[in-house]
Every structure is written in structure tokens, then in C-alpha cells.
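Alright, structures below, take your time with them.
Two complexes, one shared chain (chain A), two partners (chain B, chain C).
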Partner chain A sequence: MTMGAHLQVPVASARERRLTRLWNAYHVPIILLAPSLLFYAVFVLLPLGKAFQFSLTDWDGLAADLNYVGVENYTYIWTDSRFLDSLWRNVIWWVMHVVLAVGGGLVLAILISEVGRGRFFFRTVAFFPHVLSLAVVGVIWGQLYHPSIGLINTTLRRTGLDELVRVWLGDPGLALYSVGVASGWQAYGFYMVIFLAGIQSIDPQLYEAARVDGASAWRRVWDITIPSLHNTMTVVLTLAFISAMKGFGTVWAMTQGGPGYASELVAVYVWRSAFQTGVIGRASAAGLSMAVIVIAFSFIFNRWRDRVGSHT
Partner chain B sequence: MKPLRRLSQETNPVIFTALLVITTISLIPFLWVIANAFKDNTEIFGSASLLPDAWKVENFRKAWMGGQFGVYFLNTFIVALATTAISVAVAAPAGYAFAKTQLRHASALFYLYLFGITLPIESIIVPLFYQIKDMGLVNSLWGLILALVGTGVPFGVYLMRSFFRDLPDALAEAARIDGASEWGIFFRIMMPLAKPGLLALGVFSFLSAWNEFFLSILLLLNDDTRTIPIGLVQFREQNMSDYGALFAAITLAIIPSILIYIVLQRQFISGLAAGATKG
Partner chain C sequence: MVSRRTFVTGSLAAPLVASAWPLASAAQSGTLRGAGISYDYTPAVVEAFQQAHPDISFEFAPGTLSFEDGQIQAALQSGEGPDVVNVNSGPGRVGALATSGLIMSLDAFYERTGAADRYKEGVIEQIRNQPPQGEISEIVEGLDVFQFYYHMDAFEENGLEPPETWEEFLNVCQVLQDAGIQPIILGARDNFQGGWLFGNLVQSSAGRELMTEVIYGDGDFTHPDILRAAEMLKELVDANYINGLEAAALEGAQAQAAFGQGQGGMTVQQQSFPISLANDGIDTSRIGSFVMPSRREGETSIPTAGLAHSWVLNASTENLEAAEAWLEWVISDEYLRLAYENGGGLVPARIVPDDIELPPAVQDAAEKVEAGAGYNPSVYLPAGGTAAWYTAMQNLITGQASPEEAVAGVQEALEEARAGS
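Let's turn to the complex of A and B:
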């Protein structure tokens, strides 16, 4: 016993010395990093842990105690046609996002890079929709789609195309697509700017060589610009997937997921389940399922694109 | 951002016309909303012309008074300014730590931040709401501000790390030889050099917070805490049939976003581009 006590002193001080040494070496980065880690932990990591905890319970948001039900919420949502339908709508939403926002952004970026005079003006003006809040976008497009005073229906009536007049946001078959167009209008400017930055970083000598060879603008785009955008395209398609999977704002400001469930995306499903129906566990399970899909896709897609990129 | 480089020497009239047409179509929603803001309901229903008969400002008076837009503007400004200041103050040191200190080999920790960029906050909104509620910060601008800083930290750190990494090590080395402390190097040498990066993150945070909608609808429930996006949606619910006033309210919401963007667009665009393209 005496021996043990005798031995403990040098052991403790050795640990202390090691800590002092680590502190001396690392206290600057630790102090620099601490505030960000605190914010990140409190507002992201901790809620993430709680989301997992909630997803294993049948909590209604009010009860004092959590009642654990195992993976019941996960088996429920993954066999629930309302959740699976909302996931399918995200796939449609994603396709629309890629075609309208990414495609539109790419076309505009290429046109702007090729136009000569007026590049700065066109970039500035084409970006306008993207600087608006999704709430503002939703309210604007809600009016454009308005059945009686909306620009779309009044234009159709004035041009004699009365049979094309629709209740754009009230028709279950159209609501999702109508909101998707509004969302594409808001988003294309973002991708345009990223594509333009990508085009700026292409080696100017490539274009110089093409000019010497007398290549047309068309050839320049196909043979130089598009292939050189491989890495930019990877980033853009990843961002587009993430953005489409978490789609919420435009839908919420225009239809709140309706009529019925017709424009309900997964994020809207999570929201309605938690804050309108009060099934917190189910909402958390749906939210985490979305997170897993987003992170798994981003990881796998980027690995794949890197491998494809290194071969070319 | 560098001035956009010219790929072709001459202005191509076909491309110029195509761009003119596309951008005009894209601007039609703006023009239509603004023109309608000056019309009364009979004109909105009856007239085929885009331009109003007379430029009536009555709608703007109704929107401003009826919707408490003065309060909304002030709240939005407070949220955007505070979020920006705290975000930059928190993210810049961390970005520097990852780029320029011994910590730069701590890649596991950096991956934790990258994970935070990919994780959609939509997926953790439920516990996030209850946590802010437990902190007593629902219906307070501070609840929104702190949550925006927290959820924005991963991207901010990532962006600042990219900017600091591009700065040469030689200056810090020289200062170290001259006996400068690590803190002196950070505050007096590196921070001033990183000013373009700080500005880019600042402008990005400001516009994102100015436009924030997702957390705001959950957290800001009172008239005196509403921001412009929430206030506009609320105004629409209450003025369903006063179209002129609604168009005026939309116009009031559009103007500051466009003005802020026009004034700060260089920093904003370079922040966006850097965030997406830097490794």
C-alpha cells in the first residue's frame, strides 16, 4: 500500500507533464477552434444525437418521459405510402432541378462567357432571382399562378389559349411541377455563377490554340469548355442533389405540401408530422433517413466522379 | 472576383440577342409584380396593359402600415448583422487553425466539419426546435441568430480555411523569426491579409440570414419578432383579396435584397464561387 502510494506520485506528474507539453504545443489552435466547435456541437451535433434518440421513441412533443419503441418508426415510414410518395416526389423534384436550374445555369454561363460585350451586365441581371428569399419567391409565383389575376392564366386567355388555363397550384396533378418551375427560376443563377467561375479557371491557352486553328464558337464549347468543367460539374451535381433532397421553402410558401399531399416533399413530410400531427419519433426517423440518403449519395457520387475524372 | 474574361474578341449578335431574350423572360415576374403594385384592384382585374394607368402609391401606404414592414425591416437587419458578425468571428479563427497551425494534420476533426456541410438541417429540425425551446429562445431574434451561426459554422470554417491556405507561409515565418507571438501573427498579419475572404464570408452570411425562411417560420411567431420573409407570408394570409397591397408588399420585400446584392455582388459572387470550387 505504501509502495502504491509512493509510485503514484511520479505517474501523475508524468501525465501532467504530458498534458502540459500538449497544451504548450496545441493551445493556440485549440483556443482558435473552441468557439466554432461549441456552436457546431450545440446547434448541429447535439440535435443530431437527439434526432436519433427521438426516432426510437413514440414521443408526441408533450409527454414528460420518452417511451422507447425500437426501430418501429423506421419500419413504419419505410412501408408508409405517404412517406415513400414524398420520397418519389423528391426524385421528380431533383430531375426538374437538374434540368431547369443546373441546365439553365450551364447554358447561361456558356452564353455569357461567349458573348463578348455585356458579360457583367447579363451575369448581374440573370442572378436577380437567386438573391430573393424563398418566401418571396413563393409569394411572387403564387400570384403568377393565381387562377384569375395571375399573369400565366391572363396571358393564356388573352392569346385565345383558354383551354390551357389551369388552377396551377390547386390541381393535384400539376402542383408539384408548378412549384418546381418556380424553384428552378430561383436556383439557376447559383449554378450559373459556379459554372462561370469554372470557365474562368480553364487554361486560356486552350482557347488561344483553338482560335489559331480557326475553331468555331460551337467547337470551342464542345471540345474545351464542357470537358474542362468535369470537376465543376461534380460539385454542381452534388450540390443539386443535396438541394433537391432538402427542398422545402418554395413548397411551403406556395402550397404547404398540398393540395392534400400532392406537393409534399420529404422535408415537408418531416415538418407536418412533427409540428402539425405531433408524431415526433416518426418525423425524426424520416429526417434521419433523408440525412443518410444525402450523405451516402454525396460520398459515393464523388468517389465515382473522381475515378472517372482520373481516367480522362 | 476577377473581371470576367473574354473568350471571343467580337460581340456575337446571335448570342447577345439570345441572352437579352432569356434575361428579359427571367425578369418578367419582377416587372409584373412592381407594375401591379401601382394598380388598384379593378385595374389588376381588368387591364391588359403591363404598365399602370397612373402610378398610384396608395398600395405602398397600405402595405407599410398594415404589415408593420418597418418592424420587419429592423428585425431582419438585426438578424443579418448579428449573424454575420458572430459567424465571421467564430469561423475565421477556426479556419486559420485548420490552415496554418499544427492542427492542419488533424484531418479527422476537419472531416467532422465537412460532414456538417453535407448534413441537411432539415433532417434535424425537430430536435433543433425543441432544443431552442428548452433554451427559452423561441420567439426571440437571438434564438434564430444563434441557430443560424451554429448551422452555418461548418461552411464558414471550410471557406475560411480555403482562404487562409492560399496565404503564403513566408510572412508568418519571417514574423516568427522576428519574435512575434502566435497570437500576434494571427491578429496582426494573417487576419488583415485574409480580408477578402472575411468579406466574402460576411456578405454571404448577411444575404443568407437576410433571406432565411426555414428556421424563421418555426422560431418567429410574434408580429414584433417577424422578419421580412415571414412578415410577407403573414401579410398574404391576411390580405388575400387586396391584390394591390400584396404586390406593394412583395415589392417592399424585393427592393432591399436586390440593393444589397448590387452593392456587394463582387464579394458575394466570389464567396459563392470559392465555396464551390476551392478544395
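Let's turn to the complex of A and C:
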């Protein structure tokens, strides 16, 4: 007994010494990071934990008690054709987002970077749609798509293209794509600004050397700008994926996921389940499932891009 | 000198104390906080209440606290929500709030004030029948009555009369279409108007008794008479009497504006529709109304109607006395008089004293429901059922589901809601 007690003293002292050493080495970053970590825990980790808890219950948003149902909600959504359909629509939405918003942002960034005078003006004008709230974008494009008095159909009729006139938001086969165009219009400005920052960091001597070698504008973009934007592109594509997977605002403002479920994305499915149907547990399971997909894809994608980047 | 710890603690606490101060002072001074749906007449009735109760300061925050958006639940669950709230009525909303204990039972209030005697029997029966069964938790502000409105000129120019049978209704549609007029204008993107139309078709085909069984009992939504209503909607779309895709693209307000500007022959609306048009400077003297003809032999054609909005009492109110004073004001004759003198458009849920004159559009709707009213399923189905009901309607008008699939979807949601409750 005495020997054991005698042996414990130096062990405790060593631990204390190690802690003291660690504290001395890291106390400044710990103190500086503490507020952020506190906010992160309160506003991110706790809600996530709460959502996970709800996902294991059949809570309706009103009952005082939680009734645990295990993984029933997860089983339900992953066998629910409506959820799987909405997930597939998210994939379509993502592709549209990449083509229209990322592609549009890249093209505009390249064009604006070529502008000598008035670059600020063009950049501001091009960025303008992103300043608008999604609700305003919904109203604007809702009017543009109006079947009888909307600018799109009116223009088509006036130019003799009557056969192209469509009920853009009412046709189940077109609604998702129509809203996707509006969403892309709203989002491209954000990516454009990131691309512009990336382009500005490219060494101008590369372009000068290419000009001396007689490279056309297209070759300069293809062989210098695009490869130099590798890291920027990784960031943009990751952000675009996350943004596309969270898609909600424009859809809600323009079609509310309809007609029927024709433009229902996962976020709309979550919202409808939570508030219109009152199955908070199922909505939480769907939301968390989506979060896991987004995190996993982002991680894998970034690792892959890093590997590709290091090889090239 | 202030120590660092005191300074940090104080800095953190100050905003919290400052933000909590208005709440604390409001409670101490007996301020009554109200919120929810407001009307043209709300400022007038609030002002009159203030004059009659100078000891109570009533702060009313207008804005729809929607059940479907989770707003009302969040406000009541916060423990700091408004004392009295004007919300959308219905068993799926008020009934759910009452069952979960977020709003107070008003049984004692009804007993003390004799309020039940002032309301129409059918209204009291409805709010007593919804969950929790036998208990009353709301003061109904008014009813909405849904029926067809039509352009009299379009009818007269084409030798048409308001139809009295389904076949006559189809004939009216055909004649209007032949005359180059879109027979029915509909905006269903935001669901409401589509739900009203589909509800009228269900009433025409299935009647009130069957729907009572569906809503309050274990009636089957796939019943052949309800299925026939879905087929009727499909028939109207297939014949292009309703442009289904356009209807799915337009909001109710857009369809309302289009009809008000003279487009189309008919539309389904609530009684406040002509009042809204008149407020926009549109001449409504040539807009008539009729009830969707019943397809049930021997049954009178009646419109659908629903409890529109209700005042409820927050279960965590600390201002019960002032809140009950407000509710007593809401059930008074003077409140009703002021409401109709200041643009009120709801059909009264209560017995109207002889000396109060209703606006013509409200009077018309009130007379139509005297013979009875069918259910507006958008209000009476439980939460999950309502969402499925709207989806069924949208799928039918856009051809995404057959009538069988549409009603089966609603039945499935009903079964889930029943199992949950």
C-alpha cells in the first residue's frame, strides 16, 4: 500500500508537468480560439446533436416527450421513392449549377479580366444578381416565366417562335430546369468573383511569353488560365456542390417543389416533411443523411483534386 | 477599478440583460401581446379595445404566424410568445396546438361568458369535435365560403345561366370555350385555389356525410364518390376547361387578378374576393356567384366552407386577465359591427344581430351556407393529409397522376396521420 502510494506521486507529477508544458506552449491559441469553439459548439455541434436525436424519434414538433424509434426514420427515407427522387433531382440541380453558375462565372471572369477600361463597372454589373435575395429572384423569374405575359414567352411569340412557347413553371418536365436557370443566374456572380481573384494571382509574364510565342486568346485561356486556376477550381467546385445540395430558396420561391413533387429537392423534402407533414424525425434523418453525403463527397473530391494537383 | 473578470462577465451579461428588459417590463406593466393574422379592420378594433381598457396596453404584431411554416409552434414553445394569437383554424392546426398543450382550453371562458350561445351551432359543434374531443380552445373570427364566381356579361352574351347540374356545368364550360373564353381561371401554384376547386368537386360528388366520416372517422378517401371527384377534375383539365399547366404555374393572386381584369368565364374563390377586387377599383357589379351543382341525387347543392381564423390563448401567458378581456371583446357585438364597418370580409361565425349589416358579398356567402356547407379539405384534413391533398390536386391538373393514384396518395397520408394520432 505504502509502496503503491509512493509510486503514484512521480506519475502524477509527470502528468502535471506535461500539462503545464502544453499550457505554456499553447495557452495563447487556446484562449484565442476558445470563443470561436464555444460558438461552434453552441451553434453547430449542439443543433447537429439535437437533429441526430430527433432523427431517432417520431417527434411531430409538438409533443412534449420524445418517443425513440431507433433507425426507423433512416430506413424509411432510404426506401422512400419520393426521397430518392428528390436526391436524383439534386444531382440534376448540381450539374445545372456547375454548368450555369460555375461555368457562367468562369466565362465572365475571363472576359472581364480581359477588359482594360471599365472593369469595375462590368464586374459590379455582373455581380448584381448575387446581391438579390432568393425571394426577389423568385419573383423576377416567376414573372419572366409567366405563361401568358412573361417576357420569355412574349419574346418567343413576337419573334415567330411560337412552337417554343412553354408553361415553364407549370410543366412537370420543365419546372426543375426552369428554376435551375434562375438559380444559376443568381449564383454565377459569387463564383465569378472567386475566379477573378484567382486570375489576378496568375503571373502576367506567362501571358506575355505566350503572346510572344504567338498563342491565340483561346490557347492562353486553355493553357495558362485554366491550369493556373486548379486550386481555385477545387474551392469553387466544392462550394458549388455544397450550395447545390442545399438548394431550397429559389425552388421554394418559384414552385414550392411542385407541380406535385416535380421540382422537389432534398431540402424541400425536409422542409415539407418537417412543417407540412409534421414528421420532424423523418425530416431530421433526411437532413442529416444529406449532410453526410455532402461531407463525404467534399472530402473525397478534395483529396482527389489534391492528388491530381500534385501529379500535374 | 473593475477587474478583468468582472469586465468580461459584465460585457457578456449586459446584452442579455438589455435584450430581456423589454420582456420583463412588458410583463410587469400588464402589457397584452397579440400577434397573427390582421385585417383591414384590425387597427379599428384594437383602438376601440384600448379605449375601453385604458389599464391594458395592447401590442399587436400583425403577420401570419403560419402553422405550416412552424412559426406558431415555435412562438408558443418559446415560452415568450404572444398572449393571444390569431391563427389559421382547423383540426390540423388549432386542434394540434390544443392537443399538445401549447394553447389553453377555453371551456371555462365559454361557460363564464356564455359565448357558445352567440355562435352558430354548427361552428361550436365543429370546434368541439376536433381534437382534443369535447374541448374548445378557440374563438372563431369568421368563416370562408368557397363557390364559383362568374362574369355575368360572358354568360349573358352566350345565353348561359348558372348551372344546376353537372351536365349543365360542363355545357357552360363548352359554350364558353367555343366562344373563345377560357372557361375556368385557376392559380394552383400556391395550392389554395386548387384546393378550393377540388374541395367543391368533392362536395358535389361525395357530399358532406361521407367527408365527415373521412375527416372525423375512419372513412376511406378512395371511396368511389371521392374518386369520382378526382375524375371530374381530370375531365375539366382534359377538356381544357382548365388549362392545367398554366394553373400549376400561376399563383392564386395572379389568377384572381386575371379574372378581375375580365379574363376567363369562371373561377373558384372565397367571399372576400369581390371585396378585394372592389378595393382595387374594379367594378364587381357584373360578377355573379353560384354553388357547384351536386351530383348526389336528392341533395341540395351547397358550397364548401371552412373556419378561417381563430383566436387562441397561449398556455404560458402570464396575462390571463387581460387576454380574456381581449377575447370578451372579440365575441362582442361591437367588435363585429366595427369589423364590417371597416372592410371585414369574413362570413360571421356567430349569430349576427339584426342591426349589423353585412357587405353584399359576405351576405351572399352567408345565405349560401344557410342550407349547410361542405368541408374545405385543405382546412379539415390533418397536417400530412393536407399536404397529400394539395399534391393530389397538382398531380391531377398536370397529368402526373391518375385519379386512382391521386386519391390513394391522400388515403395513405390519412392512414399515417391517423396512426400517428
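Note that the second predicted complex is superposed on the first by the 272 of 312 C-alpha atoms of A that agree within 3 Å, B and C clash if a C-alpha of one lies under 4 Å from a C-alpha of the other, contacts with A are read in each partner's own complex, and residues count from 1 in each chain.
Criterion: a contact is a pair of C-beta atoms (placed from the backbone, for glycine too) under 8 Å apart; a residue touches a chain by one contact, two chains touch by 3 or more.
Note that the structure is a prediction, hence the values are computed from the model and not measured.
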*asked:* Once chain A of both complexes is superposed, is A:29 in touch with chain B (first), chain C (second), both, or neither?
replied: first
*asked:* In the overlaid three-chain picture, which partner chain does A:212 touch, first (chain B) or second (chain C), both, or neither?
replied: neither
*Once the shared chain is lined up, is A:120 touching chain B (first), chain C (second), both, or neither of them?*
first
*Who wins on chain A residues touched, chain B or chain C?*
B
*asked:* Is A:275 touching anything from chain B or chain C once the two structures are fitted on A? First, second, both or neither.
replied: both
_After the superposition on A, what does A:64 contact: first (chain B), second (chain C), both or neither?_
second
*Considering only touches as defined above, state whether A:197 meets chain B (first), chain C (second), both or neither.*
first
_Contact residues of chain A, present in both the chain B and the chain C interface_ = 61, 148, 274-275
*Spell out the residues on chain B that touch chain A in their complex, using ranges where they run on.*
1-12, 15-16, 18-19, 22-23, 26-30, 32-33, 36, 44-45, 48, 89-91, 93-94, 96-98, 101-103, 106, 109, 113, 115-116, 118-131, 146-147, 149-151, 153-154, 156-157, 182-183, 186, 207, 210-214, 217-218, 228-230, 232-233, 236, 243, 246-247, 250, 253-254, 257-258, 260-262, 265, 269, 272-273, 276-277
*chain A residues within the chain B interface of the complex*: 25-26, 28-29, 31-33, 35-37, 39-40, 42-48, 50-51, 53-54, 61, 108, 111-120, 122-129, 131-136, 138-144, 148-149, 151, 154, 158, 185, 190, 193-194, 196-201, 204, 207, 217, 220, 231-232, 235-236, 239, 242, 245-246, 248-249, 252-253, 267, 270-271, 274-275, 280, 283-284, 287-288, 290-291, 294-295, 298
*Complex interface listing, chain C residues touching chain A*: 68-70, 73, 96-97, 99-102, 189-191, 244-250, 254, 383-384, 386-387, 391, 394-395, 397-401, 413, 420
*asked:* Per the contact definition, I'd like the list of chain A residues that touch chain C in the complex.
replied: 58, 60-64, 145-148, 167-172, 255-256, 258-262, 272, 274-279
